[in-house]
Amino acid sequence: MLQTTEVPSPLAEPSAFRQTFFAAYRWMLLARLLEEKIASLYRGGKIIGGVFLGRGQEALSVAVGMALQKGDIFAPLIRDQAGRLAFGESLLDCTRTYMGSRLGPMRGRDGNVHRGRPREGMFAMISHLGAMIPAVVGALLARRFRGVTGTVGATCLGDGATSTGAFHEGLNMAAVEKLPLIVVVANNQYAYSTPNARQFACEDLVDKAVGYGVTGHRLDATDLETCLRVLNKAVANARDGGGPQLVVASLLRLAGHGEHDDAHYIDDRLRESRLGLDCLKVAEQRLLAEGWADESALHGLENNAQRQIDEAVATTLREPAPDPNVEDWCALATRHLSESSHAE
Amino acid sequence: MLQTTEVPSPLAEPSAFRQTFFAAYRWMLLARLLEEKIASLYRGGKIIGGVFLGRGQEALSVAVGMALQKGDIFAPLIRDQAGRLAFGESLLDCTRTYMGSRLGPMRGRDGNVHRGRPREGMFAMISHLGAMIPAVVGALLARRFRGVTGTVGATCLGDGATSTGAFHEGLNMAAVEKLPLIVVVANNQYAYSTPNARQFACEDLVDKAVGYGVTGHRLDATDLETCLRVLNKAVANARDGGGPQLVVASLLRLAGHGEHDDAHYIDDRLRESRLGLDCLKVAEQRLLAEGWADESALHGLENNAQRQIDEAVATTLREPAPDPNVEDWCALATRHLSESSHAE
Amino acid sequence: MITYLEAIREAQARALADDPRVYIYGQDVGAFGGAFKATKNLAQEFPGRVLDSPISEDAMVGSAIGAAIEGMRPIIEMQFADFSTVGFNQIVNHAATLHWRTNVPCPITIRLPSGGTAGAGPFHSQSMEALYAHYPGLIVMTPATVEDAYSMLLEAVAIDDPVIFCEHKYLYYHLKADALPTEAMPTGKARIARAGRDATIVTYSAMVHESLACAEELALEGWEIEVIDLRTIKPLDTDTVLASVARTGRLLAVGEAFPWGGVTAEILARVATEGFGLLDAPPMRLNAKDTPVPYHPNLWGTHRPTAKTISARMRDLLRL
Amino acid sequence: MITYLEAIREAQARALADDPRVYIYGQDVGAFGGAFKATKNLAQEFPGRVLDSPISEDAMVGSAIGAAIEGMRPIIEMQFADFSTVGFNQIVNHAATLHWRTNVPCPITIRLPSGGTAGAGPFHSQSMEALYAHYPGLIVMTPATVEDAYSMLLEAVAIDDPVIFCEHKYLYYHLKADALPTEAMPTGKARIARAGRDATIVTYSAMVHESLACAEELALEGWEIEVIDLRTIKPLDTDTVLASVARTGRLLAVGEAFPWGGVTAEILARVATEGFGLLDAPPMRLNAKDTPVPYHPNLWGTHRPTAKTISARMRDLLRL
């Protein structure tokens, strides 16, 4: 997490900017490699259930995670591995949840992207799209009640999720309460296989902002610097009392909806357009072009990231699976009100 | 129902315009007097349950009803007595439903504003706000499937109902399908007791149009001519393939939310503002000022309307109440699949 | 004298006074005091803690979950139980799963003005308790008395789990007590509303009173009918039910909800399974009819069980 | 060989071919052929009649109702049953009440890919049939065989009422038949999936197969277990159930849904009420556990009933 909401200007403060950019790149790289590992475990049959990657969306996601500070709230969605890491999620939280380890935050009860540590500000998504928005709204309301100031809440979703009633109700509620909410829409042009043209009819999703009375931002999310700047601005606006911010980013998902999906439906013209650029590659080229890193330094980063990932996976693989006989099978916090198993 | 979608210009076609205006006024008057009768029956204990009036909203509502043609679809809401009459609902459908007559379209099963004849294009609202929008969307979709062209569907709701997920999902779906849907929002400044400031944060609800990619219209709904013009324009746009139209009207509810409510929470400044004008009075003054009618003609209209209403009420009062022993207590159309009463 | 409705107001006032984590959120609950006046004057007495919400049931519940994560104890008022269908997803999939998934409790209370009244029709009359009880992770309360309306609502707010609080609109004004209770039965314990020995009626909410009237009527004929008020339907106090059936040998379960698979089915299933040998006759049920709740009082009065129809069914049961 | 999933595709192909009023609407059902490929190639074969919807379950159902009023017969695919909670209001309050209120039928079919599979977790595994069965005005189908998947889906589309079609994801690929059926049992009739005389298992959907495996296993020990496949759970074919219990004297109801108040409670309640004297032993139930559906296969395999746990419960029942 950045400790400041300002992204230093590359001209005025070249070294500070470089640091920020570099830090972001490292999280992106770590996320990319981590997800590649998860995908390979999936292909190897080590992961039961779905695997969902953020490939191509790392620049946007990392910018969200880095714009937030400790004490803020983050409700990531399925393609936010980079943002999760930047916000402080450990590699083990990811590997343990995907592999269902008993020691992970979800203890094998929930899996893959459905993970979080709500008490540490990292909300654990439910699958129903849009549903996390009002939850963040409520958390921010709670902070207002409790007199906590200066913190914000961010949540991410896709173009498809903007069609949900939950998105609408949640964003409207935040606007009425003028809460410091940042809603980041990754418009990757498709919801699963459904193209934008079958999802909405406005010119640009950012056109929705005015109808909620919130500030809108739009950006090309293949460029890391743009992502860092826009997200920092949006988060700073919210933190400074500017009310909800709607950030709409254009990009492309460079993977299937899940690893079971070959994404054949994605239009080749889109792949070949600017949107089809790989944000990680673009950032890497920038690093090299600016002379902020050379090939061997990048190689070192990669090795280092890979080692961390392999370690996390190795650890997780050795961990106990959940044991149904030890599992307490009680959904309530108030244990004594749970019913003895009358009909199970 | 008008047989043309054009409101004649008062300058170019004075007599045709006068006729339209006059017709609208008569429906408004009939609606107003009918509702006053219903309210008095309620006070007299003749109506069990809620009574909801459209007082102050007649100009807007009648304009919707008149802009529609036979064969169109209309899904009115609670304050649309005028529009219902103009669209073709009989007085008896109203009185019978309020009084629960067995002979009414709802046969005592549903009551008050929850009435309609869906097969004749008049949908019967459920209470859940926003829910009728997608239903009209589906009906229009069906017409497209069936190759029916040239018909439109209109539905009304209040400022409060714009906060529902149903509003959002329904309007977005219509926009994606570019269906001839007219969504009329009567912004009467309050949802029950809740003022606009606690309901939404955009400058004007019409600002939502761009976010759905639909055409927006706004108007002052205390003026009948404005209502007729704007609604005719919106309906004509939709009929001509212009896709969904969002009409946002400003006005004030000159009654309680229901007849149980004294509306004490309505801001006096609003009552005294332009919005507080009574559209029926305004239209009446115009009739007199233009010399289209004199006091005695208006008196004649009123007497005539009152007679129709009294007749409908008298008829309804003589009608049988639903008889639980004759009632068939079967929710299914496929009668043989209904369960014999295992646990009733 | 205090009504059931006033007791609900008083419980909320006390919860707000005692616990800074409590706030109330719902349509028109603020200055207006709620559609039924269950929050009358609370916005004035507790400034900033009783907020009008937009007409957004899904977000209302969702926001309560987020606030609970942050340590608050929200009370959400649905204007009518029937509108909770719009917030259904957040209730059953988010609130109900939060603790089990994340180990973070979700202490929210959702107040559902429930049940039928004359002329209310299909969308302002529903009894939705069985839907919520079906989902793991929720507690479902159905208070039948003024005292319970008060003390159970306080309990609901205090409990670390999401509580669906089904308050019955018919009882709002009809039911009065002399004073608020100073002590309460524990949550999850049923109450013997009337002792008897010839048959047991197990019921809850407004039907407790219809059942008591039935017992009264049958008492004139010499029958002693025991009436059990479940108080909460999840958890359901099977022990108290079984103990009663052990005494009487006869069971009639009565509910106001739709007939297929509701509370009465669950009661019968439990007694059949765990108390089969206690039954001297087949157990019986009485529910509303399997149609939407009708508008006209004639139909409504027949759709739901009443003292009269309960008595008729009970006479059948006693004859067996 | 044709799978359960292919049968669902074939039924839709046939419905589209036979009836111009039929169309399909759902997320990714068009060119992509649906998340599970239940509409594979249908958009190509029936141009303009298989449409991708936005992610708007509430509006999907609402639009189907409007289209039905206009004489169409929509099939709505929910991507997973679990997401129907978002369309819940339109289903239970609008579709289910339309005919009763207005006399206009509402012939819509809502397909719910239901039930658990390994690794699917709390939000892609639910069995929601009991929720819908509770509401008046809906028909709830739960096909357990390839043949029923086909013929019941055709029936669902033909019926003039809203049908909740709970197709089980676990059966999609696991279940195969030689050919599509040419005739079918009437809707509302249960099927004796296996005849027996020592005890009756009443069940539906995927649990039919676990129950048949249990019967198989117990047959080795000399027990003859009758297995009844309900096929539709509303209406529920009480007669067939009672006739079976009359033969066997013992009843175990098995379901994959949550334990409180589901299909199994309704079965037990009916048999206790209407067939009390037929029972030689207390009836029993077996459901999933009262927690959300877990992700990890170890937990999931224990959460839901399996042949093994059904056999264990059945042995208890046979011992009584």
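Some points to look at:
Lettered A, B, C and D in written order, each chain numbered from 1.
By our rule, a residue touches a chain if its C-beta (ideal position, glycine included) is under 8 Å from a C-beta of that chain, and two chains touch if they have at least 3 such contacts.
As the structure is a prediction and not an experimental result, all values here were calculated from the model.
With every chain reduced to the mean of its CA atoms, the largest distance from chain B is reached by A. Computed centre separation for the pair chain A/chain C is 40 angstrom, with centres defined by C-alpha atoms. Each chain gets one centre point, the mean of its Cα atoms, and the points for chain B and chain C are 36 Å apart. Per-chain Cα centroids separate chain C from chain D by 30 Å.
Listed for chain C are residues 53-54, 56, 58, 82, 85-86, 89, 93, 96-97, 100-101, 122-123, 136-137, 234, 236, 260, 264-265, 269, 273-274, 285, 289-292, each touching two or more other chains.
Shared interface positions of chain A, i.e. residues touching 2 or more other chains, are given as 106, 109-110, 114, 126-128, 163-166, 169, 172-173, 176, 198-200, 330-331, 338-339, 342-343.
If each chain is drawn as a node and touching chains are joined, the picture has every node linked to every other.
Across the complex, chain A is touched by residues 27-28, 30-32, 35, 52-56, 58, 80, 82-83, 85-86, 118-124, 259-260, 264-265, 285-292, 294-299, 301-303 of chain D. Chain contact summary for the complex, chain D toward chain C: residues 82, 85-86, 88-89, 92-93, 96-97, 100-101, 122-123, 130-131, 133-137, 234, 236, 257-258, 260-266, 268-269, 271-274, 276-277, 279, 281-285, 289-292. Within the complex, the chain B residues that touch chain C are 47-50, 100, 106, 108-112, 114, 126-129, 160-161, 163-166, 191-194, 198-200, 265, 321-324, 327, 329-331, 338-339, 341-344.
Taken in their complex, chain A has these residues touching chain C: 105-106, 109-110, 114, 116-119, 123-124, 126-128, 131-143, 145-146, 165-166, 169-170, 172-173, 176, 330-334, 336-339, 342-343.
Chain A contributes residues 163-169, 172-173, 175-176, 178, 197-203, 207-214, 243 to its touches with chain B in the complex.
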